[in-house]
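Take a look at the following structure, please.
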Amino acid sequence: MSDKNRLDQFREEREIMNEKVMDLDHLGIKRFFNMDTNTYRDGALPKQTKELLGLVASAVLRCNDCIDYHLEQCAKTGSTKAEIVDAMNVALIVGGSIVIPHLRHATNTLELLEEEGTLKTV
Amino acid sequence: MSDKNRLDQFREEREIMNEKVMDLDHLGIKRFFNMDTNTYRDGALPKQTKELLGLVASAVLRCNDCIDYHLEQCAKTGSTKAEIVDAMNVALIVGGSIVIPHLRHATNTLELLEEEGTLKTV
Amino acid sequence: MSDKNRLDQFREEREIMNEKVMDLDHLGIKRFFNMDTNTYRDGALPKQTKELLGLVASAVLRCNDCIDYHLEQCAKTGSTKAEIVDAMNVALIVGGSIVIPHLRHATNTLELLEEEGTLKTV
Amino acid sequence: MSDKNRLDQFREEREIMNEKVMDLDHLGIKRFFNMDTNTYRDGALPKQTKELLGLVASAVLRCNDCIDYHLEQCAKTGSTKAEIVDAMNVALIVGGSIVIPHLRHATNTLELLEEEGTLKTV
Amino acid sequence: MSDKNRLDQFREEREIMNEKVMDLDHLGIKRFFNMDTNTYRDGALPKQTKELLGLVASAVLRCNDCIDYHLEQCAKTGSTKAEIVDAMNVALIVGGSIVIPHLRHATNTLELLEEEGTLKTV
Amino acid sequence: MSDKNRLDQFREEREIMNEKVMDLDHLGIKRFFNMDTNTYRDGALPKQTKELLGLVASAVLRCNDCIDYHLEQCAKTGSTKAEIVDAMNVALIVGGSIVIPHLRHATNTLELLEEEGTLKTV
């Protein structure tokens, strides 16, 4: 499996499994997923800023899947690579060296997002 | 490797590695493992309820191996799929969206437990 | 301040502050609070079991306010002191000695709930 | 002690204790504090955004002192109350109901910052 | 209440509450407390080193009561102030700035231990 | 892939990714990495003790990559297998059964370090 496939495979599995979670047919879970999506919509803060907040929260709580998801959303909402890396630095200082393996993971994901043209580098 | 094998492989590796942990021959570690087993025996609360407690604790602390172990124990002690999913919903609300990747993982494990006939669906 | 007042004061401050959180008038926050309340209603699992799940989740995540809230709900939904203590033991084993200060706190809260007649001891 | 005094007392104790931490005269600790300060300076992201990131990281990691510090910095760097509350909502969804006691605390701090004129409400 | 009283009060309340936890009369909890005590006895590693390990674990998991307990044990088993501060620096780097409020707390406790003559400063 | 390769592959990927993190060219991140390295140098505490502290911190925070790194450093700085296992026991008691999957992982890593001659067994 090439590195490129890691990100594509994550997206595919995430979508399939999210559907299976919906198929569990639990109203509370369905409502949570709905609310989760709404959280990152434009509000008092724009979606772009909220995706950066979601990224840093995911990084200090050390969840690679959540980091990958928010990295992609950050890229899509127009944050540059330098801005995303600056946000990851905040996560590193707040969360400490235990965040470093996730910083390595995020660096690889940024590389993949750059290769496929999702991430602006300038 | 098929999905079916994921659960079987987990069980096998878990057992082999637990034996190797015992072979470290540390009295404190041995006593902890013994106490851990005793914790889920019938007491003031029945084993079935305590396995649900172990599941939710594992989910909010976000440990897939622990989730898989307790999902199997929940199924074996007679909790239905609907009850287990209802317990996972508590974990999701208490622990937040950072629990979602583990909910996806648990959903896949429930599917495997259902396929092999360990989990009651009615 | 007597110990009795600790629990009463917590209830009062919690209610006042929850109202102020509502007054922030953020739709996402309001919906989360609403969903949180619904989570513990009777479903596939009865409210009584879900309050025990909420207690253990709160204990391993080490939040005294959450522990106090769920202890009261556990008592009100009919769990006995012995059952609640058995649930706390699961939290102690899963979460480790770092949970002990919260076990001390919970023990004090149980004492207060017993004194005021909220907790069944038999 | 009035509520107003809670925030003033926090600031005073924080400053005194930070000086005592410096007096420990450990080079590594001194360098960490220096780096921590630099992290929130204008960079690829402006200080204002980074303070919001620090706030959300503090909220999901559930540290009231850190929350209070970043709330003040958010207010001082020009984030409005509505923007700060929107950021706290992200923390609530990512971190779950275990964040609620900290949301109550933050709501009280916002009130104090508003009363003393540090926080813009429009 | 003077600062000196903070540490004395902690010791007193801790002892009273530990006895009440024992009075809950739950075998699993009693065994856990017994095992916890045994963990820090001389073994392959001396008690002095294990208390430093307990301190760092408590600091990165951010529990002030646990930090205070292990600080006292570190002092009693002969670790100097400089050694304890060096251990706290490891906790700060691994755990990040979220550990800082606990570093402030520990600095105050070290001061109290020094004043009462429990801590060696040379 | 054999078990032996797991450790070698981790070392190689870790080094490659650390270089890519440096290539992100963020001054704050570079300084953090530098400080992280300095933390474990001989100071008031010897490097050997600080690597044990880093190991226990990594174990209670449940990061396998961090555990593997510190296990190797502990072995290289002269800690014996029995001493390392005794340190892991402290992590197990403080962090609870949620640490067990990481204890299994560490046991496997110790085995690999022993096979390649990095770890002293006497």
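To keep things simple, chains are lettered A, B, C, D, E and F as they appear, and every chain counts its residues starting from 1.
Quick note on the criterion: a residue touches a chain if its C-beta (ideal position, glycine included) is under 8 Å from a C-beta of that chain, and two chains touch if they have at least 3 such contacts.
Please read all numbers here as calculations on a predicted model, not as lab measurements.
Q: Among all the other chains, which ones are in touch with both chain A and chain B?
A: Intersection of chain A and chain B contact lists gives C, D, E, F.
Q: What chain lies farthest away from chain B once each centre is taken as the mean of the Cα atoms?
A: D
Q: How many angstrom lie between the centres of chain B and chain F, each centre taken as the mean Cα position?
A: Chain B and chain F have C-alpha centres separated by 27 Å.
Q: Can you check how far apart chain E and chain F are, centre to centre, with Cα atoms defining each centre and the answer in Å?
A: Roughly 24 Å, centre to centre.
Q: What is the distance in Å between the mean C-alpha positions of chain D and chain F?
A: Using C-alpha averages as centres, the distance is 32 Å.
Q: Of all the residues in chain D, which ones touch at least 2 other chains?
A: Expected reply: 28, 32, 35-36, 39, 43, 57-58, 60-61, 66, 85-86, 89, 92-95, 97-98.
Q: So how do the chains connect up here, line, ring, star, complete, or something else (other)?
A: Graph shape here is complete: every pair of chains touches.
Q: Which residues of chain C touch chain F in their complex?
A: Listed in rising order, the residues are 60, 92-99.
Q: Once bound in the complex, which stretches of chain B touch chain F?
A: 14, 17-18, 20-21, 24, 26, 28-29, 32-33, 36, 57-58, 61, 63, 65-66
Q: If you look only at chain F, which of its residues touch chain D in the complex?
A: 28, 31-32, 35, 38-39, 43
Q: Within their complex, state which residues of chain A touch chain D.
A: 35-36, 39-40, 43-45, 49-50, 52-54, 56-58, 60-61, 66, 80, 82-83, 85-87, 89-91, 93-95
Q: Spell out the residues on chain B that touch chain A in their complex, using ranges where they run on.
A: 62, 85-86, 88-89, 92-93, 97-98, 100-101, 103-104, 107-108, 111
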